[in-house]
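Each of the next two complexes has chain A plus one other chain: chain B in the first, chain C in the second.
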Partner chain A sequence: MDEYVKTGSKALKDVFWIFVIAFALLFMHRRPEEANTIYYTLAFPVLIFIVYYLHVRLFPLGEIQFVILTAFLTEMGLIMIYRVAPELLVKQIIWIAIGFGLYFIASYLFKHYGWLYNLKYGEYIYIFLAVGLIISTLFFGKEIGGAKNWLTFDGIYVQPAEAAKVIYIIFLARYLKDKRDLKNILILGAITIGIAGIFALEKDLGMAFLFYTTTVLMVFLVTSNLFYVASGFGLMAIGGILAYFLFWHVRVRIEAWLNPWMDVPGKTYQIVQSLFAIAAGGFFGTGLGMGHPEYIPVVASDFIFSAICEEFGILGGIAIILVYFVIMYRGIKVALEARDEFGALLAAGLISMFSLQVFTIIGGVIKFIPLTGVTLPFVSYGGSSMVMSFFTLGMLNGISVGEEEEDVQFEAQY
Partner chain B sequence: MYYILSQILKYVLIFLIYLFLYRVFKIIYMDIKGVRRERQLTSAKLSFLTGERTFTLFEVTSIGRSDECDIVIESPYVSARHALIKKRGKRFYIEDLNSTNGTFVNGKRVKVARIKNGDIITLGDVDLKFIA
Partner chain C sequence: MSNLKRNIKILFGIFALLFFSLIAYLTYFQLYERDKLITSSYSVYNRRLIEQEKKILRGSILDRNGIVLAKSVIEADGTQKRIYLDGPAFAQVIGYSRRIYQQGSTGIEKAYDRELLGMVGSDPMVLLRKLILGKGQIGDNVYLTIDKALQDLAYREMEGKKGAVVALNPKTGEILAMVSTPSYDPNLLDRDWEKIMTSPEHVVLNRATQGLYPPGSTFKIITTAAVLTYMPELFKEVYDCKGYVVVDGNKISDFGGIAHGKENFERAFYVSCNSFFIEIGLKLGSDNLEKMAYAFGLNQRVPLEIDTAKNYFPSIDGKVALAETSIGQGKILVTPLTMALAASAVANDGVIMKPYLMKYVVDPLSGAVIERNTPNKYLTPITKEVADAIKSLMIGVVNNPEGTGRLAQIPGITVAGKTGTAENPFGAPHAWFVAFAPAENPEIAVAVVVENGGEGGKVAAPIARDIIKAYLSR
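This part shows the complex of A and B:
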């Protein structure tokens, strides 16, 4: 066994010990009422080790670090979710299990991603699927927490925008691979502004920002033209100012960001509670079970980072951010080493979207940028987000594995 | 009681979290530095079909006519840097480095190919046997 693998399994052992200590404390703090909770909790480390073993077996050349890092992130999420909303714990563990399943499926599907590119009329199919998914909530959607971005099927809530993200990235990679002159970039810009507009109507500003910024980044990747980027961000600024005057909910967000103390019990309640929680944590946190994360609204999904900062301290929060940086680094490495341009674009788009999402929500809850409601991948409670985050990393793993494993056999050339 | 326990264990938890991070960054460090044990010997060998010499392979082994290569083959048909054999996971791969006369595995010209125990690798006019 070489040192590379050994260090990885040692890191996984650390994850295991964090799990043991944290859940021992939490079970003491809040006696679980049902035996079910304990069984599911114990199933989590078993799941991680099975996934790790399978990953080493099935993809010896794959990105094993994805498993280690997501194990850490999902575990921190589970600890916090059990702390603030114990009834969601079992569901979250089931979602994680489904997510890992999808991770493997995506790895196999995208090992040979050429079919995505070769599909006839591919780009029309992708864009219609993506836009269809995004628009569907405008007509059939349900409004939860201020944004109309949910669909319900028999009590199961799904966020179609999460799936649309991946499809949209495939579209972008496919489109930009061949069409990168001014006219086509302008068409793409129009499409993107349309999508951002739909999101703005659904009051889902986080997603509008994600789709728009990812497109600008991807255009920069293929053209290396700073003019496009400058005009992209310039348009975004204009759009932001317009939205500020046109939409009431945008104005509230921006005012809360500029001056959170103006209406603490009302409009700025969320962000102020989040800031209080982070301040209460200090460097080492209040200790598990000793803080009051339950004062923060929507703490299990959007504001979970504040809760972690409160009970694990800012050091815990920084650790989470560093782990995201490592995932980003691995993703960019996959993009750099991809075997063709389409794969590189696909990987770069996926990891940009992922990293921007992390930036949007962490920046939002620490009042670095105006708050918009997106989830923190792998940590927040939420099925759609969890499953699609795993799918994204699975795709990256697939691209990486495919490029390493490909046995190119050439016929004799002479 | 619980309060004291929680206060002590929070430092333990932070310590463990950062130990985890240390290991993750160590992996990255090894990755960037290329210290994926490139110079470490593996159990695989490469021997001339004529049986005159046997080489033990590294994690990454370069083959060619130039002195810089790990395995130097003195033949005019072998390029200066001809091919690379890499170990990834448990498998070995041979990669042709745009050589003039090509790299052949069991008679087939390859760019990158997985090699297994007993495969015959031909570089220029030299036949080598791969023993895993």
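This part shows the complex of A and C:
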């Protein structure tokens, strides 16, 4: 245990020094316009240390790695955001603070997650909440960056789909815990296709892909039935082809992926600029402050990975991918060690959705797969994504802590 | 539950695979796609290059002996100005790089853009060293294979005419001179951009590599190569020339309607008798002629650092087309560079070397050579025996009292050549001459085209002679 904490604090020291050095350089490179910026920036390492200390205290058996790894990811995000859009830095730090708060709340809330399963009419409540959130933007939504997936409250922009992700996973876990026969799987299939369809109408292809694929993977987890998986992906392919011919925005995405050179000043501008940035970075990067990530459109949110690749090289990019890999690994471990099937499904669903999202956006900006606009969790600028990503890891931590504490009690009896 | 656990482990495997495929793709991208992306013509949309271009003093372009042809200087207002010291003579080969004005780039300036901007040392250690030594602000120098003295001579000879000259070393593929006229002064691009770009004489076009002309009788080199390779018995043919032949009711005349009388293959080649070669061509057949033309690359785009046009050689359809093709008329269109390479195949024992314009790229501060071109084979259309036989025919063209290329004679040097007088729909025939010398040990191969110049032997041959003479007496 002591060894464990020692390794953790050593990693955290590295995170701290990266932060100090990077921001010292950045502030010399571009002097902050307000003193506030400096105070908030200094608040970030303090926040991380408080969170770390609290985590060790409150959840000695918890997933402390989540804190260290997210500290690294959020700090990489902050560094790049200050590079490309300094005015967003303070907001992002506030979102991170709120995120950590939610992480703790989620950890307590889901330590005893049994109530989620026992809730009367639970699965109806979850699915109506999830679908309601997703549909809400169709009626009250605002179109930003080509997708109609935002709600505005008094100048604050919210992406309800981010919250819907978590609720939908709870629904899936609850549903699949008991309903695994063909009829119920077909009903679930219909629900999922409906949700993907709504997202397609909102032009949010990334979310459509995430919800659908996560469902297919979850069905596989409980049924081990490869036929379901095959038909799931087969239907996705058919849907993709239909969408290609029906929706102009789908066609543009796929064509831009197949041939990014067809219309560089227009339709494929984003992806080509992203590739230019990654190419400019090479293996070792141009160095912090030496590149031009600001040439990439929407760089602070969707394309932040390309910006990191430009200035830190793909070695920096690979480091980020490996951090996500470790988070994914810890999530899978939580699922494996969960004390019941519902907990295992919940954890597996959460980490699947999370990992798929990471794959979708990184794969998209490097042109490995067609580009769909989702955020890079913890790194991209954006409040909804940030707080819900923290909430997701908080839930995983809660599931893990609940399990471990039970073990400890069990051992204590003997 | 145990099934579920197994499946969760499979899930882990899937995600591990997905994440590592991202890493693999990124690595692949940097290793194989990156250079293509940076050098592609789409890089006009890459603002990084434009920014870099403004900050870096662009490297110089020099001839093979180190004489500066193009250099950049910093003006009083801090901006850069590109100076072309031998403007019109080199205008199309060197080209221009005007990305910062959103006007694109051409020629050597385009082909070696990254070198001239000092961006080739992408090795981080090289970059680090440059940074520490304060060398980041200057581009690398590009040395051409071209000899400025020869280029200037060729340009003087061509001034006032329309056409192109290509001279190259047949043993290595190094291009020694490449001139296209009429030309323009690239130093005036800032002021006269519109005028130069829209000039009715197409001054920006590099006629040596992008001009497409019917090869006329210079194509008889290829017809002869096909005869010697596929049907050597035809070489013994004897024929009585009446000054014209009738093929399927079409009368095709010799140049000026001259009847050459009784002739064997050698004499027909020296006097460039069309009737004879049409008869030979009809016996040779379309397939053999096409096969040999393809072997000489007449249906290809010649590989070169700067843009080249694709030669045009449609499949031969019918007797009339075959007759016309055997004497280099009909629908065939080739670039002067292609015909210079055809001559170099004869000069170099049947092997065409891949042509190139850049000798080496040097870091001006350390003097280190960063890139270097080495000779490579491009095509081997004929054997040494066939090459030697054609060579003696080409010597006859220049040295036989009846030869059409007598004006190319140089005292003390055996020149081998072939004239061409290419009929075309735009007026007087194009004058062609391809040659190499010294025939015993060729050092230079030349192709000259003068648009609507008239007879190749009278107009083009003297130009080639002067170039060969100047080069060999250097």
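Rule of thumb we're sticking to: the second predicted complex is superposed on the first by the 405 of 414 C-alpha atoms of A that agree within 3 Å, B and C clash if a C-alpha of one lies under 4 Å from a C-alpha of the other, contacts with A are read in each partner's own complex, and residues count from 1 in each chain.
Please note the rule applied: contacts are C-beta pairs under 8 Å (C-beta built on N, C-alpha and C of every residue); 3 or more make two chains touch, one makes a residue touch a chain.
In this text the structure is predicted, and so the values were computed from the model without any measurement.
Colleague: Put chain B and chain C onto chain A via the superposition and say whether they clash or fit.
Modeller: By the criteria stated at the top, chain C and chain B fit after superposition, with no clash.
Colleague: Based on the superposed arrangement, let me know which partner A:G363 touches: chain B (first), chain C (second), both, or neither?
Modeller: second
Colleague: Given Cα centres, how many degrees, to the nearest 10, is the angle at chain A formed with chain B and chain C?
Modeller: 120
Colleague: With both complexes overlaid on chain A, does A:S224 touch chain B (first), chain C (second), both or neither?
Modeller: In the superposed model, A:S224 contacts chain C only, not chain B.
Colleague: Return first, second, both or neither, reflecting whether A:Y324 touches chain B, chain C, both chains, or no partner chain.
Modeller: Touch status of A:Y324: second partner only.
Colleague: Is A:V272 touching the first partner chain B, the second partner chain C, both, or neither of them?
Modeller: second
Colleague: After superposition on the shared chain, which partner residues are touched by A:I332: those of chain B (first), chain C (second), both, or neither?
Modeller: second
Colleague: A:E341 in the overlay: touching chain B, chain C, both, or neither? Say first, second, both or neither.
Modeller: Touch partner of A:E341: chain C, not chain B.
Colleague: Output check: A:A280 vs chain B and chain C. Expected answer is one of first, second, both, neither. What do you get?
Modeller: In the superposition, A:A280 contacts chain C only.
Colleague: Compute the least Cα distance separating chain B from chain C in the superposition and give it as a whole number of Å.
Modeller: Value for chain B versus chain C, nearest C-alpha atoms: 6 Å.
Colleague: For chain A, which residues belong to both interfaces, chain B and chain C?
Modeller: 284, 322, 329
Colleague: Of all residues in chain A, which touch chain B in the complex?
Modeller: It comes out as residues 2-4, 7-8, 10-11, 14-15, 17-18, 21-22, 25, 28-29, 60-61, 65, 68-69, 72, 284-290, 311-313, 315-316, 319, 322-323, 326, 329, 333, 404-413.
Colleague: Could you pull out which chain A residues touch chain C in their complex?
Modeller: It comes out as residues 217, 220-222, 224, 261, 264-265, 269, 272-273, 275-276, 278-280, 282-284, 291-292, 295, 309, 314, 317-318, 321-322, 324-325, 328-329, 332, 335-336, 341, 344-345, 348, 352, 355, 358-359, 362-363, 366, 368.
Colleague: State the interface residues of chain C toward chain A in the complex, per the touch definition above.
Modeller: Interface residues on the chain C side: 1, 3-12, 14-16, 18-19, 21-23, 25-27, 29-30, 33-34, 37-38, 40, 42-43, 45-48, 51, 122, 124.
Colleague: Can you name the residues of chain B that touch chain A in the complex?
Modeller: Interface residues on the chain B side: 2-3, 5-7, 9-14, 16-21, 23-28, 30-31, 36-37, 40, 59, 88-91, 102, 108-114.
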